[in-house]
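Listed below are the structures to be examined.
Below, subunit A partners subunit B and then partners subunit C, in two separate complexes.
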Partner chain A sequence: MAFEPREDQKELKYDELRIYSDEELNNYTEEELKNFKVKHDISMLEDLESGPWPSFIADAKRGALHRRKLADDRMLIERDVIEDMLGQLQISFKDGETHWKHGGIVGVFGYGGGVIGRYSDLPDKFPSIAHFHTMRVNQPASKFYHTDYLRSLCDLWEYRGSGMMNMHGSTGDIIFLGTFTEQLEPIFYDLTHILQQDLGGSGSNLRTPSCCIGRARCEWSCIDTQDMCYELTHYYQDELHRPAFPYKFKFKFDGCPNCCVASIARADMSYIGTWRDEIRIDQEAVKAYMGGEIAPNGGAHKGRDWGPFDIQKEVIDLCPTKCMWLEDGKLMIDNKECTRCMHCINVMPRALRPGEDTGVSILFGAKAPILEGAQMSLLTIPFMKCEPPYDNIKENVIEPLWDWWMEEGKNRERLGELIQRQGVSKLLEVLNIPPMPQMVKEPRSNPYIFWKEEDVPGGWKRKIEDYRARHAR
Partner chain B sequence: MEDIKKAILDFAENSKKTKFYFSDMEKAVHKVLPDAKTRMIKKAATALINEEKLIYFSTGSSTMYGLKGRGQTEDH
Partner chain C sequence: MGLSTERLGLYNPEKPMENRITDLGPRHFWQYFPPIIQNNYGKWKYHEILEPGVLVHVSETGDKVFTIRVGGCRFMTVEHVREICEIADKHCDGYVRFTTRNNIEFMVDSQDKMEALKKDLQSRKHVSGSYKFPLGGTGAGVTNIVHTQGYIHCHTPATDASSMVKSVMDELFDYFQGMTLPAQLRVSMACCLNMCGAVHCSDIALLGYHRKPPIVDNEVMESVCEIPLVIAACPTAAISPTKTESGKKSVKIKEERCMFCGNCYTMCMALPLSDKEGDCVTVMAGGKVSNRISPPKFSKVIIPALPNNFPRFPEVCESVRRIIEAYAEGANKYERLGDWAERIGWEKFFEKCGLPFTEHLIDDYRLAYDTYRTTSQFKYTEAAWNVSKAVGGVE
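Moving on to the complex of A and B:
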C-alpha cells in the first residue's frame, strides 16, 4: 500500500538545513586523536577502551576533540560538554555512585513528554553539564530515513546540544543526550516546524510506537506494520504527549511471529502479524531443499560445512507441536496444531510461506524487570483482522483496556502488573472475550478462570450458604 | 469543564504534596464532581497546562502535575 501522509509534507531542502560543512565535521586527524588528552582525569574510563568491544569512551573522545576544534560561534552550548561528562563519569566510577540528578519541570510548552530533565550535582566542578537534558525524537516507522535527514538532525544537535546521541533508545527513539534548558524550545521549533519531526514519548504517556521493517522489505509480514504504527501514532497524539496514564504504555508492531522488534517481551500491547488459514507449501521447492538445490535458511550459516540438509532432523523433528510429517515425499502440516514458531518457514523460505488470510494476534502485559521481574506478554486475542483505519482495534481493544487501567491501575503500575493483580479473567471481562483453554496453564494455578453463573448454560442450583455450612472457608 | 478546572486548582493549591499524580487529581475531582469523566478531567488538566496554571513534572519514567509557582518551580 502506498504511503499516504495524514497531512501535506513539504519537501525538505537539505542544502539549506545543513549547518556544518564536511571540513568542519572532519576537523581532526587520527594523529591528533592519538595525542588528544581530555582535560579531566579519565583513567578508569580509558580502561574500557582496552576491551574487545567498541567503546563509547572512544566515540566520546572523538566528539570532544571535534568540539574543541570547532569555531566559537559554531555551537550554542559549551564546547567542553563532552569532556565534563567524561570527567564526572570518572568520579562516579571512583565513588561508585551517580552524580546525575534526574527529573524536573523542564519540557517544551504543552508537552508532558519527550524531554527528560537531568542535572549534574557537581555543577561547580563541571559547569558545562550543569544542565544535561535528554530529548527523545520520534523515529520514523521502521527507522527508515534519508541520510540527509540524519545529517540535518545531527547538525541541529551539534549546534544546540552536546552532539552525543543514542541511535536508538530501547523504545526506538533517536535520543539526544545533553543540552541546556534554554535550547529546548528552539530545538523543538526546528524539529517540528522545519524538519517536520515530532518528539517521542516519555513519562506516564503512550511511548513512541515502534514497528519492524514490515512489508517494506519482508515477504513474511502479515500486516502493514508501518501503516499501523503511523496511524496509531497520529490517532493517539494526545496520549503520546499529555500524560494521564498510571505509568508508561508501549505499543509495538511485529509483522510476523519472528517478532523482530521483540514486541512479545517489551510491549504492554504487542501486535504480531499472523494468519488463520494454512501455511502455503510449494512441494517442488521442498524437494529442491531436500535435494540440496536450494540452500536452507536463505543461505545463512554458510561459514561451516553442516553436511547435507536433512529435513527430518532440521525441520520436522524440531517442530514444537510435532505437526509436520513427510508422506510420499510430500511435506504435510496439520495446520490447526501450528503455534507459529516460524522455524520451518525460516529454514525453507522458498518452500513455505505464511497463509493468505492474515491479521494480527494481540498480546498484553510484557515489561522489563522493574517491580515484579520481567514478564512476557499474554496471548489474549489469537486472531483479529487488521485493516486501516483499525477502528475495530481502537474501539474494541485499546480504549476499553486504557479505561480499565486508568481506573484501576495504581501509580507506577504497568498493565502486566494490573493483569497479575486483578487476574486474567478480569482482563477478559474488560475486553469482552471468552476464556480459552489455552489461557489456563493448569487448574488452580494462575491464570485460572472462575466461571460466573451467567456464563454457565442453565446457571447452577447450589446455594453457597449450604456449601459453606459444611466447608469452612 | 470550568467546574472541573476549579476543582483541580483547589486541589493543586491545597494538597499536602506540591506534585501529584493524575490519579490523585482525578480522585480529588471525583470528591467534588462524582460524575466527571476521566477524559474530561484530562482535557481540563491540559487546558490548565496551556493556560500556564499547572505544570508537568517528569522524572523521565513517570509524570506528575503541580501548581505553577508552588513547590519546585525553577530549573533545579
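Moving on to the complex of A and C:
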C-alpha cells in the first residue's frame, strides 16, 4: 500500500539545491576545533562539555568555528551569532536570569503564527543576537526524513540564520533558532517556493499536529497515524496560520493506548487508536513465552535478572480487569471485560495482538497547569471508525466543537476549561451525543444537579397563592 | 532551482504579496519512509529489543528492520545535523528519523548493516569527550529528557533547560544505556509553569519556578500594557489598579496572594518576576501518560524547591538519582514510579527516597481537599511519630 500526498511533491535533490560546496562544509580540522576559543568568556558553559551525554556546548562550538571560517559573503546574518548566544548564556548563568526581552511581534505576512519574536536585552554586548527570532517549520508526520531535505534545510538556515536549531521543539516542529527580522520573509519564500515546505503554528490557533510512528514501524497501531495527522494538518491550514480561536488548540494522534506522543496529557483533542473486536492470540507463542523461549516485553527488562517469566504473576494478575485466565495451558481472555490497557500485549507481543476491527477513541480537553491546574483529556467518544478523508470526524466532531469554542470560549480559555465552565452536558449537546457512564470515573457524589425547567414535570412556574391554599403560613 | 543566495532571496519587499505561497502544510511523510518501511507498512508483527538502543521489528512478510536509537540534544547546530546526514547516507540510504523524545533513529534492513552502523555511532565523540550518538533509550530504563527553551531562547524561564538536561542525563547515563529498572522512566523538564513541554504527567518532572512576586515597572505600565487585561490575568486576583505618585496609571500586587505563576508577565512585560535567589527548581514525580495497567496520572510535587545551581545543578541531579535508586530497589516488575508510590503509600515514598515532607507539599489551591487523606489508614513513618510527639501523644 502507499499513501498519496494531497499535491505532488517536488523531488528535492541536495546537489541541485545546495548553497555550500563540500570544501566550505569541511572547513576546519579536529585540531582547530580542539584549540578553538569562543570570543567571550564561557567558562561555566565549558563545564558542560565533559560527561558522556552529548554536549550541546561542544556542538555549538563547532558550529561557531565553522561559521568563523566561512567567507564573509557566505552568510547573511552576523558571523558571531553562535558565539554571542553562548556569551549571553554564560551571563544568564551568572545572573540567574534570562537576558531575552519580553515581546517582539514579528512574523511573515498573512500568518498569525510560526515565528516567535525575540530580542536580546544586551544588544550592545551581543549585537549578533540583537534579533533572535525563531521560526517553526512544520515537520513531516512522525519525523522521518531524507538527507537531501535535511541538508537543504541546513544550508538555508546557515546562510540566512544562525545555524542553530531544535530537532524538535516540544510541539513537534523543527525549530530554527535565531535570525534577524529582515530574513524572515526570504526564508519563508525559500521554504515555500523551493522546498515546498510551510511553517507550523503558534499563538491562538491550531498548533502543529503530531503523531506517533504508528503503522510505519509499530505492530500495535490501530490507525494510520501519519495519514490522519497529515490530512487534518492540511485540511485545517487556515486554522493553523490565521488565529481565530480563543487560544491554542492541539491535535495529537496515538496509534494505541500506550500513548507515545502523550496525546491524553497534551492535546485539546486526543485521538487514541483502539479496537472493538478481540485480542488476537497465538497460543503457540503463549507457550513459548511460558517456556522461557521468548523474552517478555520485547526484551525491555534484559538489563536485570527478574527470574523466570511467570505468566500468572506478570500478566494475568496484573490485568486491571482480571479478565484473563489459563485453561488447559491456553490463555483465555474475556474480551467483553477487557479495557484495552495494552499490558498483556506489551508483555507478549509475539503472542497477543490488538484486534483487527480498529478505530479511534477521542478524548477532549488536556492542558498544562496554566491557569486553573492541569487537566487530562476526558473520554467522550468511545469508538469511531476512521478512514480517509476522515469526513465523519471533521464534520461531526471537530467542526461543531470549534464552533462552540469560538462562540463561547473566553480569551485564553482552552477547550478543557470551557468544558469545565459550561459543563459536560453542554459538550454532549454540541456534539449531539447521549451521555454514557464511560465518561466518568464514578457518578457525582453530590446531588447539586442543575435541573433544567424542561426536565421537571409541570415546569417551574408556580403561584404562591396555590401553595398557600394548601399550606397555612 | 537552487536555494536563493541574494540578500532577500525570492522576496520582493516592494510587492510583499507577489508570488506568495501559503498554506502548503508539511511535506508528505511517505517519501521519507525507507523502502523497508514502505514495503512493510501496517504489516509489522512483533519487535524485540536486542540490546539497549537496538531494536528489531519483524514483519509478516519476513522482512526485518533493525533500528538503532541514539540520544540527542534537541538543540543542535547544522554541523550536527550534517553529521547525522553523513551517517544516514553512509548506512541507511539517506533515511533517518527523530523520536518524540528527541532521540535519533537510524534504520537498516540487515544484521550486518546494523553492526557496522553501531560501531560507527559508538566511535563518534566530541573533542571534549562526550558521545555524539550514545546508544540507548529503550525498554525499562531512562530515555532522553524532553525539555523547553530556557535561557537559550525564552523570556520567562525560572531556570535553564539545556544545561539541566545535560547534567541530569550525565548523572543518569547508566540508566539510559541499561534496562535495569522495573519499567520505563520518563523524565521531563520545563523552565517555567507555562510548561511548553507539558511535563505534568511524567515519572519525574523538573520545573523551573519563580518565588518572588512581580516587580511593577510603574514608569511604563500604562503605555505598554492593557491594565484591565493584566488584572484579569491573575488567577488569584492579586493585582489591582492604582496610581503612582506622579499620577500614572499602574497596578499594585497583593504579595501574599501571589502564587508566582507568571501569567501577569506573560500578559505584560512591565511585571517581571525572575530573580537569582528566588527562582528555583521544583521536582514532581509519579505521573504517566500510558494507559497500561493503571490510568494516566499527574505528577505530584515532591520537592518544593532546589537551588538553581548553574551550570551543573548538583542538588537536582542528586535528588533525581536518589528517587530512581529507591524506585529501582522497591518497585515490582512493570510497576511505574507512580504506581509504586501509590502501592506503598506516599508516606513510604518519602521515607524510602529520604526526602523531607514540608508544608509546601500539602495542596492549598482550589479543590485541595481532594488530595487530603480522609481515612484512618496510614503507615507509621518518622514523620508520623514527629506529629505524635509534637502533640504530646507519645514520649
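Simple rule for what comes next: the second predicted complex is superposed on the first by the 421 of 473 C-alpha atoms of A that agree within 3 Å, B and C clash if a C-alpha of one lies under 4 Å from a C-alpha of the other, contacts with A are read in each partner's own complex, and residues count from 1 in each chain.
The definition used in the following text is that contacts are C-beta pairs under 8 Å (C-beta built on N, C-alpha and C of every residue); 3 or more make two chains touch, one makes a residue touch a chain.
Please read all numbers here as calculations on a predicted model, not as lab measurements.
Trainee: With both complexes superposed on chain A, which partner does A:S50 reach: first (subunit B), second (subunit C), both or neither?
Mentor: In the superposition, A:S50 touches subunit C alone.
Trainee: Counting only touches as set out at the top, which of subunit B and subunit C does A:Y247 meet: first, second, both, neither?
Mentor: first
Trainee: Considering only the touch criterion stated at the top, classify A:P400 as touching first (subunit B), second (subunit C), both, or neither.
Mentor: A:P400 sits against neither subunit B nor subunit C.
Trainee: For A:W306, is the partner it touches subunit B (first), subunit C (second), both, or none of the two (neither)?
Mentor: In the superposition, A:W306 contacts subunit C only.
Trainee: Please indicate which partner A:G291 is in contact with in the superposed arrangement: first for subunit B, second for subunit C, both, or neither.
Mentor: In the superposed model, A:G291 contacts neither subunit B nor subunit C.
Trainee: Now for A:K34: first (subunit B), second (subunit C), both, or neither, which partner does it touch?
Mentor: In the superposition, A:K34 contacts subunit C only.
Trainee: One more residue to check, A:G203. First (subunit B), second (subunit C), both or neither?
Mentor: A:G203 sits against subunit B, while subunit C stays out of touch.
Trainee: For A:G459 in the superposed arrangement: first (subunit B), second (subunit C), both or neither?
Mentor: neither
Trainee: So in the superposed three-chain picture, is A:P389 touching just subunit B, just subunit C, both, or none of them (first/second/both/neither)?
Mentor: A:P389 contacts neither subunit B nor subunit C.
Trainee: Specify the partner with more touching residues on subunit A, choosing between subunit B and subunit C.
Mentor: Per-residue touch count on subunit A favours C.
Trainee: Which residues of subunit A are in contact with subunit B in one complex and with subunit C in the other?
Mentor: Shared contact residues on subunit A (touching subunit B in one complex, subunit C in the other): 102-103, 110-111, 116, 134, 238.
Trainee: Please output the residues of subunit A touching subunit B within their complex, sorted ascending.
Mentor: That would be residues 102-107, 110-113, 115-117, 119, 131, 134, 181, 202-205, 238, 242-248, 403, 406-407, 409-412 of subunit A.
Trainee: Going by the contact rule set out above, which residues of subunit B touch subunit A in the complex?
Mentor: Going through subunit B, the ones touching subunit A are 21-24, 38, 41-42, 45-46, 49-50, 55-63, 66, 72-73, 75-76.
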